[in-house]
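Look for chain A in each of the two complexes below; its partner is chain B in the first and chain C in the second.
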Partner chain A sequence: MMIKKIVCLVGLIPLLAGVCTARAWQATDQERARERAKEVVPFVKEYQDDCQISRRICLMDAGVSLDDVKEVYFLLDSPIIKEREDHYEPVRFAHKRHAALVNDCSKCHHFRPRDENALETTRCSACHQDSFNPDHPERIGLKAAYHQQCMECHQQEAKGPVDCTGCHLKHVPDHKELVKLPDNPDPIQVTKACLECHDTQGEDMLKTAHWLWRGPSPYTTGHRKDILHGKGTTALNNF
Partner chain B sequence: MPKKDVDLKLVAQNVGHSSRATCGACHFNGGGGDAIKHADMSRQLLTPDRNCDIHMGGYDFACAECHKTRNHKIAGKSSSVPVAEGVVSCEKCHSDTPHYSGGLLDHHLNDHSRTVACNVCHAPVFAKCKPTKTWWDWSKAGDKDREVKKDKYGQPDYNWKKGEFKWEESGVPDYTWYAGYMDRVLMGDKVDLEADVITLTDPVGSINDPESKITAFKIMKGIQAIDAEHAHVLVPQLFSADKDNTTAYWKNLDWDKAFQAGMKAVDLPYSGDVTWKETWMYWRINHEVMPADMALSCAQCHESLKGDQTCNRCHQDNREVDFKAIAQKGTDFSYMKSMGRDVDHLIEKTDYINFKALGYKGDPILHGGRFKKLPMEYKTQAD
Partner chain C sequence: MHITRRNFFRFMGAAGASVAVRPPSVHAWQSQAPPDPFGCLVDLTRCVGCRKCEEACAKVNDLPEPERVNCQCTIFEKDRRPDDTSYTVINRYYTGTVDVFDKPVPTYAKVQCMHCQDPACVSACIVGALTKDDTGAVHYDVSKCIGCRYCMVACPFEIPAYEYYDPITPRVMKCTFCQERISKKGGLPGCAGICPTEALTFGRRQTLLGVARKRLKENPGSYIQHIYGEKEVGGTSWMYLSSVPFEEVNLPLLPDTPSPKLSETIQHSLFSYLWSPVLLFGVLGACMARFNRGNDQKQNNADKGGA
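Then we have the complex of A and B:
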């Protein structure tokens, strides 16, 4: 154990750093999705202008089913969008789950490339790339396409998030310049500095169970209307 | 207050989203150390194996992605403490019909989802990455000379401060009916001194209630002190930062003084007459969901499907479907064993959740179950 620690400390030297980082843990599915999200595929210039019904019939006739869903999960994090602006964290998209729920691939895969040799379905980002492309003024950009597709369906079905933070986490702004503190501040100074901007959050925090160590107990029989139980007051344990 | 050598300016300049590491700093160490209290949370979840937890190990979920916050109130309903500021459920993302492989089983599995909580099949063992404490006998504490033995997992069986322990790794949960509510013994509540076991957290549910589901729990069992006259659970003072303290148990090894001080602190009477009773706490298994292909198979619970006759009890099929394969494919405990887990005794096991203990006459395929008996099918009509 000690030896491992020493190796990792020495690893700070650039030459050896690779040895330590190479062994770094990765969440396999997430990492694969992250790699895939980085890909930019060739732009499909011409598409087949079907109506949704004929598209659906086409897909049904081709026998496309859930079994054809090769990618279960996507991370929506395209460099096409990030190049213009990058305020939010990527979105997790459960592709197969949506395919099973919607049960109609044409709802999202609403056109196909005109090229007869192309597959029946294609990525969103094959047709929708940068916005305001003067050669294709009819084509909305990828960011708009995602938002329109997801939010409209979620609204129609009254299911799924329609607000920003329902899908995204917001990037945390770099606080290196924002935090104005002297060197070696004491804890009270730090809290004060946080509250200069985050006073509402400070007020909120004071009302939480994590601060008070007690709170509402709506799922405890006989105490469903109470607000005073918790580790700081009445909770018992045997450990 | 933070330790003196922490550079708080550096910390403040690097604020960010919460993570498994920030939440886990407390929650992975409940009960006094890694994996002790929770059956399904430990420091393993900082960098978990995919097979250990598909959400965190496969998809790198942070706690707050499920435990959504609003105004800093964090959703989540603990088994052990009464507080709840919102609820997290598998169904919120996976819906009430979570099985959608397109295979023949989907229909049956989605039926099961109304009677069986997800983790019964999808987390068939708890503490699968790290042993957790399942027995804690406080009455044995205080013997500084007692030799501490290590169990097969390398965990100690004794600590003079805390008493005697048992640990389990890859443990089979206890299954009981649960519909979301808990009966609890809170501080000062009267307990039954005649009962064999006093249950401090007890899931509410019944086989006859359509909302109740068979749910997986770790039961933390132990022996602790009860006031024999007032019939309430005693709270000892265990430690004190005060050098001259004469009451804390870990300083003075005197239970009587520790109870006097503890009960005074919580403002409850103490008679001096102490009885040591067995107590249980039900802890729901919520985390460490395994990948779908490691869920229990039909035959691992339904003994009637273990033989040659399987789906063809009811279904005829001439599409060359392999019924046996469908009914018997599931968690491969021999695979888990090969990965170093202590699951030898589970290979080839059936009646995994113990139907009789749940109130069935036996395997519901043979003896009948809730699907037809309860008004579950007809709920929408009644509304």
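Then we have the complex of A and C:
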């Protein structure tokens, strides 16, 4: 009996080892950000209604600088949003990089809690939680706060993504399983395979300037002097 | 029975008097709006045209997936309307404003049933298939509908659509305000729940009016100082805020009087105590009696002449 058990356990060792090594390596800050994203902090009911300039002065007086940014990297993956719907992978947000680029904390930390003892800067999710809270009808939810804050600034600064997939990674299936191509496929075969599913995108492409362009292309290497050069005319893969 | 001229006038006098002394409540039109309905505030300055609301609407209402749901490249080139396959659509309008880079700024406008406080469709429906319920939703009951499509003609926003392709069991199709979902505590309409920027704010209509007024007051330059739907056609459950004139984003200029007010006043005053049919048939009867008398005299004269 004993020997059997030992044999069994010995047999399990390589298996367990295999399981351990199979687990993908995770960056420590990624793990930390993931843990932090799961936290839900108590709701801040009362806030100090300052204008942005006085808020900025307040932050400057408090001596908040780039060195005070403790959390460098966030994953925006709050259970407050996921409770209602969960369609996307977490959004990665480089907090310190944004702080350094914007150089004005009051852009995002636009109000502070009315509580005197509270920190000068607070998490988004402290004030913005569930949408359409009847007790605070003017307060937008966390999802809307993220979208309005990020997109508005990205638009104003003409920097950073403003489309959905710029921030959100979708669950894209592995196309190795979906598409069967011959060995060494030629470009026509590849495009055909794409168009089998993405035919609407193919049609849309035919209406874009990328396809319809009928003019000079001074920035295309090797075709600088071509007068008529567009994907629909002279390019090699125009099918 | 022989009606003499005197009898006829006597009868008509009595009928006229009964009309004149009828209680005034028949005349005064009363709003049937629910006391504390839900509503939705659409803020066009916040809408980014992602069309997630269309997708969510189709999903929760078992409708076919909207056209090109993940691709916004060409869909906005045509002006779309809600139809029998979609309860809501987003349209894009260029109204002439440009941003700091001289790029034209688009305004996206959602179209769906406005769920009027006093809906014209409910008033026009002759079988009571459409009702305004306490949640604020204009509810459609397919089992009562006879397919007359009066609702489609009556709607000032031209919203109800009809399943013309189905000859046996066609339905009138329009936004349901996700009535079942919002009746539950904490339930949201599909579109408002998914909206990433809270361009759609869901709540009690009175609360939303407060929110809207606050937004107009705090951002005076960003909005046209008007809440579309607060008073239009007597008020609607869906209300709009915009930075561009409402007519330019296909929200029609409408009077503040509820659509059914005039039609129902006319109808109710014409048919109260059946005085108008009585008058009509009285006049017809009198004409007939007179005509017959003339005929009789002619007949008599003819008889005399023949004799």
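We take it that the second predicted complex is superposed on the first by the 146 of 239 C-alpha atoms of A that agree within 3 Å, B and C clash if a C-alpha of one lies under 4 Å from a C-alpha of the other, contacts with A are read in each partner's own complex, and residues count from 1 in each chain.
One rule holds in what follows: a contact is a pair of C-beta atoms (placed from the backbone, for glycine too) under 8 Å apart; a residue touches a chain by one contact, two chains touch by 3 or more.
None of the values given here were measured: they were computed from a predicted structure.
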Partner touching more residues of chain A, whether chain B or chain C: B
Partner chain in contact with A:144 - chain B first, chain C second, else both or neither: second
Contacts of A:185 with chain B and chain C, given as first, second, both or neither: first
Touching partner for A:96 - first (chain B), second (chain C), both, neither: first
Which superposed partner A:208 touches (first chain B, second chain C, both, neither): both
Partner chain(s) touched by A:164 [first = chain B, second = chain C, both, neither]: second
Touched partner set for A:134, first chain B, second chain C, both or neither: second
Residues on chain A lying within both footprints (that of chain B and that of chain C): 201, 204, 207-208
Chain B contact footprint on chain A (complex, rising order): 25, 27-31, 65-67, 73, 92, 94, 96-97, 100-101, 169, 172, 175-176, 179, 181-187, 190, 193-194, 201, 204-205, 207-210, 214-223, 226, 229-231, 233-239
Chain A - residues contacting chain C, complex: 84-85, 131-132, 134, 137-138, 140-141, 143-144, 147-148, 151, 155, 158, 162, 164, 200-201, 204, 207-208
Residues of chain B touching chain A in the complex: 1-2, 7-9, 11-17, 31-32, 36-37, 47, 50, 54, 56-60, 71-74, 77, 80-85, 93-95, 100-102, 133, 136, 138, 180-188, 200, 204, 220-222, 224, 233, 235, 279-281
List of chain C residues in touch with chain A within their complex: 46, 48, 50, 68, 71, 73-74, 99, 101, 188, 192-198, 201-204, 207-208, 210-211, 214-215
